[in-house]
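The following pair of complexes shares a single chain, subunit A, combined with subunit B in the former and subunit C in the latter.
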Partner chain A sequence: MVRSRKGLAGLAAAATALALALAGCGGGGSGSGDGTSGTRLSDDQQNLTYVLNYGCTSLDPTENFDNCRMQMSTNVFDTLVTLDSKSQPQPKLASSWKWTDPTTLQFKLRTGVTFSDGTPFTSADVKATFDRYIAMKSVLATQLAVVSSYTADDPTTFTIRTSAPTGTLLGVLSMIFIGPEAHVNEDSYWAKPIGTGPFVISDFVANDHITLTRNDTYWGTKANLKTLTFKVVTDTNARITALANGGAQVVAGVTNDQVPTVREMSDVNFSQLPSYTYTFLWFQNNRAPFNDVRVRKALWEALDLQKIVKALLGETADPMTALCPSAAFGCVPPTNAPKHDPENAKKLLAEAGYPNGFSTTIDYSVANTGYDQIIAAMISDWKAIGVTVAPKSDDQATFLKNIASPGDFDMIVNSNLTTTGDADFTLNRLYPCSAKRLGYCNPKLDALLAKARETTDAEQRKPLYQQIANILAEDVPGIGLFENNINVAAKKTVQGLNLTPTENYDWSTVYLTS
Partner chain B sequence: MLGYVIRRLVLAVFVLWGVATAVFAIVRLVPADPALLIAGSDASPEQLATLREKMGLDESIIVQYGKFLGGAMTGDFGDSFQQRVPAMDLIAQVLPNTALLAVLACALALVLSFPLGLLASLRVNGLVDRIVTTGSLFTQALPNFWIGVVLLLVFSRKLKWLPSVGLDSPKNLILPTIVLALPFVSVLTRMIRNGLLEVMGEGYIQTARAKGLLERTVIFPHAIRNAAIPVVTIVGLQFGTLLGGAAVTETVFTFPGIGRLLVLSLQGRDYNVAQACVLVIAAVFVLINLVVDLTYGFLDPRVRLAK
Partner chain C sequence: MTATAPAPAPAVNATMRHARRARRGVTVRIVVPLVVIGLIVVGAIVVPLVYHYDPLHADLLARLKPPGTVTSDGGTAILGTDQIGSDLFAQIMAGARVSLLVGVATLVISGVVGLALGLLAGHFGGWLDAALMRIADVQLAFPSILLAILVASVLGQGVGNIIIVLSISNWVVFARVARSQVLGLKNREYVEAARALGAGNWHLMFRTLLPGCMAPVIVVATTQFAQVILTEASLSFLGVGVPLGTPSLGSTIYNGTQYLSTAWWISTLPGIVLVILMLAFGILGDALRDKFDPRLRSA
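Moving on to the complex of A and B:
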């Protein structure tokens, strides 16, 4: 009954198909337009505005890995390696790498690369950047905890030693953006950082816009766009208006109610792709009545997620049963997920000592458009089994305080991104005992998560993640609600945009035609 | 006169101190942690502690308050938590935009309301008068954001005549100017109409008519000039309101002004920027009030003699 999801191969095929669709009938990439796509605009007219629903609070990716910083960093910085659409590492600033033993990873760095201010790139920059990420003690620093030492052996050789074999290391490194040694550890540098990437930052206003201009000294294929503006418009209607009147060429986050409008626009392509973004519900597992697994399971069985997601989100999202999105590696649906069964839910509640139900609250952020309706629908499903749930909508700042460790909520709904495209990033960060996020602790799960991280062979990791998914479905620390699709509308004049499940696009290949 | 000015200035300082204290308290009373907004919900306690230290939020409230007041006196409100540049730099970037919008809205309001008010006053309870007075009540009753959204839908979405977001060209100013001017037009029109009616009953108008002057000459130099005095006061005050009160309109049009900066800084719990915005808006308002009062004193000797 769960709609089957495409595997990784299917995902890659879908990504390619979309790239082709966005590129018109001509081939993707930066080839010049042919008969069906218009003529390429002159360089002075290569100015693109991409309207998003979220903004950057700061430009420092070493501090936090939110969508906006990742989007900006992907275009301003380079990483040692980059993940392709199959989540396989590809060379970037590193031209090659090899595991010299199970815990030593040696990189050969690309030569002839300079930062946008002309400073040559060397292994010292990589080392200084690692120092910064670790000193920031951010969430990425936690991902790097397995790194026991790193050395810049010579200007083009960089070596990382880990405390244990680590299958996820290259995925984590694809998120480490390399800055210049001279400044990367200064806070002031991050007000307007420079990198080795295809664009440079020319203007930034927090939560409003970032303007990038082409880096004319870029070491790789230079960007086609002269300027690229990421503009924040939180109102869905206003985003579509901007697309309609030429204020924007590409718009992210098209909501279900706007899909027909966008499809009707004759000069616009609407594209979708399963993403690494998903929406979930957490229980506060050490707070009564949620400290009883039967109560948590009853609340899950009460929900008719298939119906709710289909009715309210249509084709913009798909229901899920795992706690991370199926587009990511290792995020497999549990084989033992509870089915929609209100009768059994009532029985479970009675067994747990709540034959007449109880009253509780559910917390969410107003920053997440459309949550009001979804939560109202969930509340009515819970009402049917006798549980009264009061919705609590908070502004984003208040919401963050509630969801941060140790977690001050009864139930809470949020969306999240499996940035590395690997189950480890999400599951091993949020659900081990040490995470202290939702009062959940199962040492058996911890052991499996650690084992899955250490295993370097992908085929051997898969069955481990199946076991992990099943334990999570049995313990029900939270409920995976739905996987968000990427819902992008772009003018047909936009060519060469390749959508990726991370939503961090490489804009250097994009150009505009008439 | 000098004593009057000094009294007003001392009062202004107290008003600003009150505003400063209130905004300092309010931003901190709203729940949430500015560090969490920057570092995210997955941040480690160590990272959050470091960030709070950098923002000066690890110090006691008294020390924070002292530093804030001390800095405010020299115009230094500290750095934005998020953008890491001085808060006043951010305000300097957007305040001219808001000022431009306020000037345009005032100008449009004056240009529209004088003829409308005059037309309405010529025949009281006539058709024109009824249309103008009803219309002005109607437009004043409509909320700003609603007018903004409707104008966007019509002129940006459907007709595609005007841009909807930002300030990339002078065209971006048209819709927000209209939205801000509309309620102002309503107030001014009715004020000019009533002012003219009142003045028309005065003895000097009768004298002017008795001298056999043309009705045109009676209205223009004689009546309008006198009816305009209270209008000056209202325009001054309204200009101050427009400078600070355009937050909703600026948000609807994603317009880079101080109102939107204030909204964003409050959402982002960027205390220093929010405090600076509120104080700058209050200072402008107090200053304009002062100038209006003084101008009034110069225009009408009775005002300064009464003090």
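Moving on to the complex of A and C:
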């Protein structure tokens, strides 16, 4: 059904292939034999440490969608379907599916699958997991709002009914991690969850590390790694040091200033590809002075994003004008995006009744390394039009509280992921009136978003998303700042790693050589 | 001290000479640090004004430039520029300003509170003494940087909060020094005399005992000053100190650590300034102690 996202996803796939060719990663895929360099290490030595790009506060993917939870969940849980490198749905826990009518989707579930504690997997587990995601009223709430009912017809059949035809449903289902019926609705279970995936959590220390070990009873191809550690290292120097001294084999989020250092390391491959991760700024649209669109537009026009991004992020990111990353389907740049024009910005402020500017604040999380420089550069640009902005660096917990609905901030900067690789995921989750994230509401936009979601033909969806992008550029609820590239440095001994634009990697195919 | 003293008369002369030299040494050790500190204080006040320094002003084309670079507007960044292109010299001096402000304010607050509590404890003794000194012991048993981090994370960032945090962890030293001094003084004749003449507690504490406490307290203050500045730098280095937009020596050093291999000057130069400031206060404190030392005073 989801025959969409052709062009750009194809580009991403090509980039992945290129990155892998450059990285000499042996082409991915399990059981593809030894790589080009060195012999495969013995099983006892198959221990890999990956330094994550972001912090790790909790393991519950039903509550929030940060990179850490998704990374862990991708390897510990299975989903009904999975998206391949072309964003096409492929069977996982569901062996097949069909739309029995335009609003009814029926899954046939795989048999012989057990959770890592030995409990068999049935349709009751899927149903309980759906209960959890819907009860949490959290990350997937707007996506799942179209689901009118779901039933476990028999142990291997699961049926979803939607209130309207929904082209993006399978993409959403690729993010629902199936937990065991008995525990999935208990908060305590999520402190150390178990799933049906290729790895099992053996240890978790918040904001420090997650250690996974191989699930030897996994139903599919078993993982090559014996242990896999996701490590949180906030100090950017320490990350590279870890790579140099063997403390880690793969490091995500290499910063622009470190790229030359990493390139000089002879035993390290550095790979880049466009990702679904992007960084944006939100205004609190119902709080003065941001309730005036002229003020929001002025603040956008004051920013010289081309210069800021090029100077501070170089090749690790690209400036953007849309509110979701161009690697994802439907994330087209608006044709009416404001240009860098401080003079006009001053004029707009004067029209809005702030000829002498005003003072405000901008929130950001200390967990996001490198933000302070970007914030300082933006503040500098705003100062040029008379707006004084005080930076507020919040610890991660405070930050998440401030950015959560209904949004307690004047301006806030955050990074985000268009997980499904489809504009619907980001735009329809954050910007409809019902989302209540940044005090923005435009019924015209809501109607277009709903229409774009219901349309199943990619060619018809594209012009809809162009209209949506233009409305967002007109209303300026927020500003898309830049789209991040994936900047991963890996030891040349790491084989079989498939980098994906979602930054959630399947580590079961990875192995180490000498 | 009297290693070369063969005959009694020259021995006296040698001792006198030695003492005089020691006194001269003390003077030098007081004057030089004072000059250095004075220069830094003047620099901290004047330089950011002369440079029109704005900590949040970014000049992205001029970032990470080495010392001596001529900038696009014709000026020379004598100590180079930092990661957002602001002048490092101005930033170091603005940082010294914050460090000195924090140091002075903390010493005034913790000194006054510590001195008052120390006087109370020493003068009245009994349960008040026991209670105050046990609180002090409890606090001393707790690592001060850990306490500072704890309080800082509760109060949040900001220069005012840092001063509060550091005052909380520093009053103890003053209280203990003042108390021990009072215990030594309160049975001296002049104090007895004042008491016999009917002086009240207030008069005894602040007119007779306090002046006798001042010398050691001033010495402690100089060493504590260095300690406070260093703790502020550590807190900023750990990210619980001053917020973005308030440069301190510690935060500048911390920001530069990312660039140690490519732009060494960002961390190194403020580090050197911090070391010089520490040394100056350390030597000054040491010299003051020698100056107040009665064994040298007689010469």
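One rule holds for everything that comes next: the second predicted complex is superposed on the first by the 476 of 514 C-alpha atoms of A that agree within 3 Å, B and C clash if a C-alpha of one lies under 4 Å from a C-alpha of the other, contacts with A are read in each partner's own complex, and residues count from 1 in each chain.
Definition applied: a residue touches a chain if its C-beta (ideal position, glycine included) is under 8 Å from a C-beta of that chain, and two chains touch if they have at least 3 such contacts.
Because the structure is a prediction, the values reported are computed rather than measured.
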Clash or fit, subunit B versus subunit C on superposed subunit A: fit
First (subunit B), second (subunit C), both or neither touched by A:T236: second
Partner chain(s) touched by A:L438 [first = subunit B, second = subunit C, both, neither]: neither
First (subunit B), second (subunit C), both or neither touched by A:S188: first
Touched partner set for A:V76, first subunit B, second subunit C, both or neither: neither
Residue contacts with subunit A in the superposition, subunit B compared against subunit C: B
Which superposed partner A:V476 touches (first subunit B, second subunit C, both, neither): neither
Partner chain(s) touched by A:V510 [first = subunit B, second = subunit C, both, neither]: neither
Superposed model, angle subtended at subunit A by subunit C and subunit B (C-alpha, nearest 10 degrees): 30
First (subunit B), second (subunit C), both or neither touched by A:P260: second
Which of subunit B and subunit C A:L281 touches, first, second, both or neither: neither
Subunit B and subunit C, minimum CA distance [Å, superposed model]: 5
Overlap of subunit C and subunit B interfaces on subunit A (superposed complexes): 237, 395
Sites on subunit A touched by subunit C in the complex: 235-237, 255, 257-258, 260-261, 307-308, 311-312, 366, 372-373, 375-377, 379-380, 383, 390-393, 395
Residues of subunit B defined as touching subunit A within the complex: 30-34, 36-47, 50, 54, 80, 82-85, 90, 93, 149, 152-153, 156-157, 160, 162-166, 252, 254, 256, 260, 264, 267-270
Complex contact set, residues of subunit C against subunit A: 54-61, 63-64, 83-84, 153, 157, 239, 243-245, 255, 257-262
In the complex with subunit B, residue positions of subunit A that touch it: 51, 57-58, 63-66, 136-139, 141-142, 187-188, 190-191, 204-209, 231-233, 237-238, 240-242, 244-248, 395-398, 400-401, 403-405, 414, 429-430
